[in-house]
Amino acid sequence: MYFETWSAVWHMEGHGPYVWGAYSLTALVIVLLVLSPWVRARELTQDIRNEQRRAAAASALGADHASET
Amino acid sequence: MLPELGTFLRFQLQRHLQLALRRPSDVVGPLLFFLMVITLFPIGLGPDPKVLAVLSPGILWVVALLSSLVVSGRLFQADFEDGTLEQMVLSPHPLALSAMVEVFCHWLLSGVLLALVSPVFAALLNMPSRAIPVLMVSLLIGTLCLSLIGAVGAALTVALRRGGVLLSLLSIPLTVPVLIFGAAAVREAALGYDPSSWLALLGALAAGGCVLAPLAIAAGLRISLEA
Amino acid sequence: MVDDLLRLESVDLDRGARRLLTGVSFQVRPGDCWQMLGSNGSGKTSLMRTIAGLTRLGLQGQRICTDNLLYQGHLPGLKTGLSCRENLRWHASGGVVSNVEKIDAALAHVGLQGYEDRVICQLSAGQQRRVGLARLWLSQAQLWLLDEPFTAIDVRGTALLEAQMQRHCAAGGAVVFTSHQPTGMSEIKILDLNQYAA
Amino acid sequence: MWSIVHKMGSPPWFFRFANGAIAWLLPIVLITLVVGCVWGLLIAPPDYRQGNSYRIIFIHVPAAVVALAGYYVMATAGLMSLVWKIKMADTAMRALAPVGAALTFVALVTGSIWGKPTWGAWWVWDARITSMLILLFLYLGVMALSEAFDNKVAAAKACAVLSLVGTVNIPIIYKSVDWWYSLHQPASIKFTGESAIDASMLYPLLLMIVAFYGLFALSVLLRMRTELLVTHRQSAWLRSELS
Amino acid sequence: MLPELGTFLRFQLQRHLQLALRRPSDVVGPLLFFLMVITLFPIGLGPDPKVLAVLSPGILWVVALLSSLVVSGRLFQADFEDGTLEQMVLSPHPLALSAMVEVFCHWLLSGVLLALVSPVFAALLNMPSRAIPVLMVSLLIGTLCLSLIGAVGAALTVALRRGGVLLSLLSIPLTVPVLIFGAAAVREAALGYDPSSWLALLGALAAGGCVLAPLAIAAGLRISLEA
Amino acid sequence: MVDDLLRLESVDLDRGARRLLTGVSFQVRPGDCWQMLGSNGSGKTSLMRTIAGLTRLGLQGQRICTDNLLYQGHLPGLKTGLSCRENLRWHASGGVVSNVEKIDAALAHVGLQGYEDRVICQLSAGQQRRVGLARLWLSQAQLWLLDEPFTAIDVRGTALLEAQMQRHCAAGGAVVFTSHQPTGMSEIKILDLNQYAA
């Protein structure tokens, strides 16, 4: 490791805010880029599975029961 | 007499904003457009920050004028072509009012938006930061004047196929004072002088316009329909 | 005596230097349903727009007309980018009605149930005309001026419109409309503009 | 070769492929990103002229490189969708534009943050920077166009045409911006152009470039998979795939 | 194969010119607009002739670009709305050709006209007279490129309800090289250097555009009709 | 055997996710005159535009169609700022005819003698439609696709158009048209799209 102390890592000889600002912004974009489709896909899969389960339950219980729900 | 006038105006406003803002990109679009047009100037004029700083009041005002006039020229075109104008004339509410709602929406979506984001553009062009509040105020008032002038021209020309030249000849000179006052206010502020007299002149123009333009617009629309 | 909603007395109508119609006289009383006939270019639209006060063509003679009217012409008066409901809401706000239920009911009357949120440009030609005509179920106007209301409307739709027009007349309103087709309405008065051609 | 292309064009096959690829890519990307960042931020020595601010290079350059490459990938997808009518290419194009735009945005923002300590200004109108801004506009244009159409098939075709036109123009745009004010006007600011970059900095940079390529592929695949879930919601293969 | 292609193209050309010349405002309007925007710069920058002379190539080119884009955005709008586009697609003649005639007319009436009157604007901004022929040539070639680019954008957005802003988003980035080459040519000429390499680049752009743009335009129009 | 000008074999038509029509089959031979019927929004315009190749809606099944066709839809295809003659000249140049006499003769056929130099926007609604339909007297196309040709046309004009359509069929051409009104033409074949509604 190049730096002696953690505060030096933070400070980076005065360039700390720039470097850490740039890295954190990038991290934010990366997280959004990966997370947003991930979450959406999970919601969708969950949705489709639920629908399937409902359909399966309905067919298992018989048509007249399903029509009540 | 017309208890439902408020409802009518609210729906009129809502309808115009809905029409303009169907999608989120409709709000971002005009801002991106301004950004792109601003980008063209350094590309055309060269990247020297000092030159850009001097030019920035003029550049920002040209862009404001361009976007305002280009859009307001066709302000009533769609209404004329699809028959909405007929219905506006026949409605029990005063034509001047419903037309003004349209002008107001146009101003909200072009002028006010531009004024609000203008600090970003000012920074891109290295404009001194002390001029930025003045820039915003001058754009806010000035674009209202431009919208009113453009609307008068649009109302008179909406049904015309010939003679449009005459009317653009008439309405273009009307916009020149707006540009002179607006750019001068920002330039003065950038140089550290007091811009308030220029702003006052702009304000007077806007106030006069708000009183007189509705009458001219309504008259123009009626004439256009009867042609 | 009931007041006339509209009265023309030996009216002449000019378009520029050209005289279109001479000596037109007719009066519309509450309960009347008038069909204007006339070949293409005979001046039906011109006369109707003049009655409505939209154009001030060279008109000689006396014209008296109520202000409380609804005009639906060749142009739809609809914003193609807005939905059916949004369009009608604006039209209705010119009158009194503005709650959504009445608007949806009017759309259902013209057979557009389920289309309330569809934007106009995604409708077929006849469906677009129907949206405009849904105003007949919303309007409080006494005199309706309808220029070729049956254009692009199918057989069932035509019957619906005719029924609504007759209901309006029965309720003390009046209708003046143009159409090239004979209609199935009873007690209709005919104004043949070809008679008055200049 | 053709059979592979056609296999990739079939949604069920692609869905399975994307699932597998995402499972592989996610850990690889995470590890390379973390290792690269730690190496670049903590281990590599500072630049003798710029000091520690140069550490931004480890995200700035990879983002810029991948953002540029992304446009060509998008145009290739456009060509495939227009000429060979491969359905998945449509989906790919709609997924590529936002990812490319995000990376371009990262390159722009990190660059302008880097500019403040180095040049003393957030923004200068330098050739590289200006052309990167134009690239952002191109991406945003494709995104806006695809959003503006109601009809998804037409949207994909329109975006394909636009991105092909854009590809023809990209080299021209880059060349022209490079020549811009270069003849008789002294360019006020130049990049430190020397490629003789020290190995201690080069290795983490290369690692980060790999990581960003992986990230690009990962987020595009994620988006395409999501899109498939939406568009093929009713189809039997998707239902059997999920159960 | 299509012996009447020549006749068709002639009528197509004639029709467009007739249509445009019926409404002189469409022809004179952009020029007037251009003039107004140009006169704004001395107002915005202060009338120092030396500053203006240095900046004039950039100013003229940026304004030319904007006015060209503004007009070309509605290139196919009327054809789409009145059904002419349908008939063009169904006609036995290639769509790319008939669309190109339209682009060509647009260029004749905006670009060529602008190039012809540009000496007046150059004089207003104190541009050195030796640069004026280069200005005219560069505008002549450059506006052709701009019309082609604008037409591609217009074809892609013609069926969209809010095409206006979108169109600029699509086409402005593509016009950057034209602006750079054009402004550079005039600037070089004003400084007394040889501008021919820049003009050659512009010419190459125009030639490439004339070959490729028709395909993109025809594809865009078909897509728009199908949407 | 005479070749079919148009053949659809169990065609399905989709608009986006929505299926409009299923299993439409019909063939148009030289001499045929088909009237498409169907309520508003049943898909007449969509089918006709797909036949003409203007839209590529989701179409499953076989479609064979001659290239030599004339399509006149809901939109007029006229420039309102140009005169009748100028407009038709451009339309005709797509085919072969381009001399002024033939164009004036066509205008006379649709009852617009004397209006040749009038700009379109100064004509009545029906007169404007007539200018568009004057193409029927100029076209060399074998298959005519006409979407509601009788809109805004008066009784005499309708008879004129029907006669011209029958003349075209007798000469070995074919016509497919939509109309909500029953026509006075003999030997007409009916395609009722309501049957095929999905």
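Per-chain residue numbering starts at 1, and chain names A, B, C, D, E and F are given in the order in which the chains are listed.
Going forward, contacts are C-beta pairs under 8 Å (C-beta built on N, C-alpha and C of every residue); 3 or more make two chains touch, one makes a residue touch a chain.
All values reported here derive from a predicted model rather than from experimental measurement.
Undergrad: By that same contact rule, can you tell me which chains touch chain A and chain B alike?
TA: Looking at chain B and chain A together, the chains touching each of them are D.
Undergrad: Counting C-beta pairs in contact, which chain pair has more, A-D or B-C?
TA: A-D
Undergrad: I'd like to verify one number: the distance from the centre of chain C to the centre of chain F, where each centre is the average of its C-alpha atoms, in whole angstrom.
TA: So the centre of chain C lies 28 Å away from the centre of chain F.
Undergrad: CA centre of chain C versus CA centre of chain E: separation in Å?
TA: 45
Undergrad: Using Cα averages as centroids, what's the distance between chain A and chain F in whole Å?
TA: That pair's centroid distance is 55 Å.
Undergrad: Would you mind pulling out the distance in Å between where the CA atoms of chain A average out and where those of chain E do?
TA: Each chain reduced to its C-alpha mean, chain A and chain E end up 47 Å apart.
Undergrad: Two or more other chains touching the same residue: where does that happen in chain D?
TA: Only 134, 137, 140, 144, 148, 150-151, 180-181 qualify.
Undergrad: Give me the residue numbers in chain F that touch at least two other chains, ranges are fine.
TA: Within chain F, the residues that touch at least two other chains are 74, 81.
Undergrad: Using the touch definition from the top, list the residues of chain D that touch chain A in their complex.
TA: Of all residues in chain D, those touching chain A are 33, 37, 41-46, 51-53, 55-56, 59-60, 63, 99, 102, 105-106, 109-110, 113-114, 116-117, 215, 218-219, 222-223, 225-226, 229-230, 233, 238-239, 242-243.
Undergrad: Show me the residue ranges of chain B that touch chain E in the complex, using the header's touch definition.
TA: So the residues of chain B in touch with chain E come to 20, 22-23, 25-26, 29-30, 32-33, 36-37, 39-41, 43-46, 51, 54-55, 57-59, 61-62, 65-66, 69-71, 157, 160-165, 167-169, 172, 175-176, 179-180, 183-184, 187.
Undergrad: Help me check something: in the complex, which residues belonging to chain E touch chain C?
TA: It comes out as residues 161-162.
Undergrad: In the complex of these two chains, what residues of chain C are touching chain B?
TA: These residues of chain C touch chain B: 52-56, 67, 69, 71, 73-82, 86, 89-91, 93-96, 98.
Undergrad: List the residues on chain A that touch chain D in their complex, please.
TA: Going by the criterion above, the answer is residues 1-3, 9, 12-16, 18-19, 21-23, 25-26, 29-30, 32-34, 37-38, 40-41, 44-45, 48-49, 52.
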